[in-house]
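In what comes next, chain A is part of two complexes: it sits with chain B in the first one and with chain C in the second one.
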Partner chain A sequence: MTAPVVHADHCSKWYGSVLGISDITWQLPGGVIGLLGPNGAGKSTLMKLMAGMLRPSRGTIRVFGGDPADDLAVRRRIGYSPEHESTYDELTGRELVTALAHLAGVPRRQAGDAAVAALEHMGMKPAMDRPVKGYSKGMRQRTKLAATLAHDPDLLILDEPLTGVDPIARAEIIDRIRGLATTGKTVVVSSHVLYEIEALTQDIAVIYRGQVLAEGNLYEIRKLIDHHPHRISVECDRPRALAAAIAAADHVRRVMIDRRGVTVETTDPDRCYDDLAGAVLDLGIDATALTSPDNNLAAVFEYLTGDRGQSQDAQ
Partner chain B sequence: MTAPTPTPAPTRGVIHDLGYARYAGERRQPSTLWRVIARNQLAYTWKTWWRWKPAILGALITTVTVGALLYFSRDKMFDALRSNGAAARLIDGLIPLSFKFFRMAAFIVTMTVASTSIAQDRSTGAFTFYFSRPVRPIDYVIGKLVAMTAVMASLLMAGPVVLTLFRIGLADTPTEALHLLPLVGNAILVGAVASLIYAAAPMAMSALIGQRWPALGAWAGYWMFGIAMVAFGAYAAWPPLIVIDPGVAIEVLAIKLWHLDMTGPGAEAGLGAALISLTLHLTVAVGLIYASVRRHALASVGASS
Partner chain C sequence: MTATVLTGVEATAALARLTIKRALRGKAIWAAAVLALVPLLMPLLSKDSPAKVWSWLVGTYTVVLTIAAPILVASSMSDEIDDRTAAYLWSRPLARWTIIAGKIVGLTPVIALTVAVGLTLSWVILGAGAAVSVATLARGIGAFTAGAVGFATVSATIATLAPRFAVPIAVCWLLLFDATVGALDFGLHVVTVSFGTRALANGTDLVSGPVSLAVLTAIAAALAVWRIDRIE
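Presenting the complex of A and B:
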């Protein structure tokens, strides 16, 4: 069994009183993996820990078996592309990528060739002798990716590489990132848009509030979420009648009744919502509120299903 | 050359192998990466017309002007003065006193590059580009310091060394030339110390403050504070106070090394006070740069997610 490329062991990071990630134990065996999560979830913090840009406040993170913050040999095998794009804008794309390749340990003569190869791979060769300050957002992203790639790292950490990029550039970048996987590299890509991740890989880790909430195959995770017991509460005037109407359904695991209403634990939230609505209408129950106490799960669930529609609409 | 074949329209799920070739060559030792940083900093400083080049022009004008004065000070025009001993003081004093003007050229570069260099890297996120690669904070600090010292040396050391060699060339006899030879060492020493100070002090402001314009303002403020200390030291008749200004401390060092018999607060401040001031400036500045860079290299708050 080969060692994982990344292994986080009870890893936490906080900035003063602000929690970045919390007690993450996670392994990345290789391939292309998407880190999915809303803004503020902790994706960038996890990526910076992998890149050796941050040290964990507690726990450990190992990359290729070493500590990325201290082991320069490990860091040489990492290519990190931050989300922000501020660089030395007066330099041309070629000069910038050459300088960064050189900085990553490629000797000066070879750094120029490596930079041109990486820029060409990212489709930037025609514009590589123009100053970066004249580049569009997509060109900057591609130049940044070329800089990440030029020293031939084994692990590529790409933080929101598609943010703000126009659809054509996005398609090209996605193509090229996927192409990198064929060269045997491990690629970690973050995004808060499911559609982007879905276009790159089916292997995802969902980060939420600093924790890995789900990991594995995207479709398997969807199934798991669908079959995970999910609680739905209905505030109504006749809880017992509603409970009796819903309890016989095969997706219902448990029904709890209290003074204010009914809480149903279900393995199929979509059907449960339909059945509850039907029962309320059939029995003429006065329902005043419908909520899900499983906030975390609901957020992920909504994210994986609802947000997809939104992001596709935005394309 | 083969005829182009029609490329099928890309479909979802197709991976395009664009022929990326792995880099399989040798790698630099991480311990040599400071040279890469220094070289990049020099290239970046040279790239625009306004960062370094006006200062070089200023230093060049100073060198030519002082050189001309050196040349004409041995002309007949100065015979009358020389007979009183004044010309001898002039020709010997021109080079150490010229540091005052070379300092002005150096000040331009402290404002255009040195006081903003690290601040800019910090505020624009360039630290990420450095420290996500196998670069240690010490490599970064050494690289930046070496580059900036080299830039300053082009302004504070090159001119005085050229002038000293010119002065030796103007010697009337080989014995006099031989006697003047140690002055080359003096010019190199004072130029090197001045270059280090004018590289490190503004860079310390830059590292400490971390924002370009405030860092620039802080350095300008510190420069003004030095000038104020010179005025106050003269007013309070306490010469050691004026060497708080590193520029004056450098001039004092030059005056003492050239054994100039001068009066005034600068000459009276004493070599000891000047050396203490220069050592403190250098130690504190380098310490601050390293501590600040080390702290921010591995504390990159600003996660985007």
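Presenting the complex of A and C:
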């Protein structure tokens, strides 16, 4: 059996009296994993611990079998992209990535070529000789990712790489990150948006209040989530007609009507989506939006923590 | 590509190059350059003897260092921490002391050069070698280079201790305490960088001056290294 890339053992981190992560025991065997959690859940803290930027207050974290905070050879194998978009704005994209590649251990003579290759991989070659201060958010993110890649690390830690970028850039970045997975690298990517993670990987760890609440295949997590009532909202011109059509279905627990549409609480989201679509078509209803408030991560975490609370009560 | 871990010297050199490149494209370096040229008014306007004006210049350039070093070094270090660009450095396989060393190695020559240019121009205005000897000029440039290292190190230390207000705190400390106490004819002056710098430049106190300068710089460097290892 191969050793895990990351192994956290009862790892906790406090910032003074503020808890970052709490007693996390977790292993990352490899591949692409999404860290999913709302803002302040502890994702960034866990990633900084993995990157060797922080030391645990208690417990240990090992990366490639070593301590990333103290072992520079371990840190050499890590590429970390921070959540914020601050960079050395006075530099051009090429200068920035070259400097950071050299600092990551690429020999000075090779750092320029490595930077250009990484920028090209991220689709930034045409703009690489412009100052970073003129870049859009999407360009900054891609430049940051190029800086993360340029020294050819084995583990990529990408903290919210899709934050603030426009939909086109988002699609491009997702594409590039998925491409990295095919090169055999281990990629840890965080987000507080479920569909962003879904677009990147099926393997996730759900982090909430400093703890790994659930981990595994996204499908498994979704099944766990789907055990709980799930809400689906439809904005439409005739909410009462739609409510009447759907109310009798056995999976529907509750139907709420307001001026803008209908919200259905269901125990079987997949069937509910089908039934709603069928009713809209059959009745000729003008539906303008279909959303699931439960895709909002906070609701998912409430479900999961509620589940944990119930199981603890049962014990 | 054969990436390895840079040695401390290699990392310091790489960080110094990055620091200089950024400084040359920023505004602080021009502020320091202008500041270093202000004392030129003294030899231009004064009717006192060249020796007396030179003595004033030594004191004035010591004060210039107390402002130029925070403007360049403390701001560079504090911006790194405050703007969170330090994350790019913290996450790379670098010993953290190299970040302090890179800032000091990169910016001290800039500070020393601006003062050396100002001092040399003053020397020329005063009548060059006929009024103030070349040896005195060389001693002054050497003293201010050593002083620049001390002031830069103290500024970097203050930036690691209080990144958010590093420049005003460093200026206040160096200008109000260090320069003032350093100018006093009193034993306490040995705890200031200004005293050592001035002693070297004037060729007086050639034991206590350099020793106090070296000790203070070493203490400041040790404190900065200790502190930067604990910044999260």
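The working rule: the second predicted complex is superposed on the first by the 223 of 315 C-alpha atoms of A that agree within 3 Å, B and C clash if a C-alpha of one lies under 4 Å from a C-alpha of the other, contacts with A are read in each partner's own complex, and residues count from 1 in each chain.
By our rule, a residue touches a chain if its C-beta (ideal position, glycine included) is under 8 Å from a C-beta of that chain, and two chains touch if they have at least 3 such contacts.
Because the structure is predicted, anything quoted here is derived from the model rather than measured.
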Combined model on chain A: chain C and chain B, fit or clash: clash
Touching partner for A:75 - first (chain B), second (chain C), both, neither: both
Partner contacting more residues of chain A (chain B vs chain C): B
Which superposed partner A:160 touches (first chain B, second chain C, both, neither): first
Which superposed partner A:190 touches (first chain B, second chain C, both, neither): first
Touching partner for A:200 - first (chain B), second (chain C), both, neither: neither
Touching partner for A:51 - first (chain B), second (chain C), both, neither: both
Partner chain(s) touched by A:151 [first = chain B, second = chain C, both, neither]: both
Contacts of A:41 with chain B and chain C, given as first, second, both or neither: first
First (chain B), second (chain C), both or neither touched by A:176: first
Which superposed partner A:15 touches (first chain B, second chain C, both, neither): both
Chain B region in steric overlap with chain C, selected from 9-17, 117-125 or 171-179: 117-125
Shared contact residues on chain A - chain B and chain C: 15, 51-54, 72-73, 75-76, 78, 80, 82, 84, 86-88, 90-91, 95, 99-100, 102-108, 110, 114, 147, 151-152
Chain C residues within the chain A interface of the complex: 1-6, 11, 14-15, 17-18, 21-22, 25-26, 83-85, 87-95, 232
Residues of chain B that touch chain A when the two form their complex: 10, 12, 15-30, 33, 36-37, 40, 43-44, 47-48, 124-126, 128-136, 298-305
For the chain A and chain B complex, residues of the former touching the latter: 15, 20, 37, 39-45, 48, 51-55, 69, 72-73, 75-76, 78, 80, 82-84, 86-88, 90-91, 95, 99-100, 102-108, 110, 114, 117-118, 121, 147, 149-152, 159-160, 175-176, 178-183, 190, 192, 199, 207
Sites on chain A touched by chain C in the complex: 15, 51-54, 72-73, 75-76, 78, 80, 82, 84, 86-88, 90-91, 95, 99-100, 102-108, 110, 114, 147, 151-152
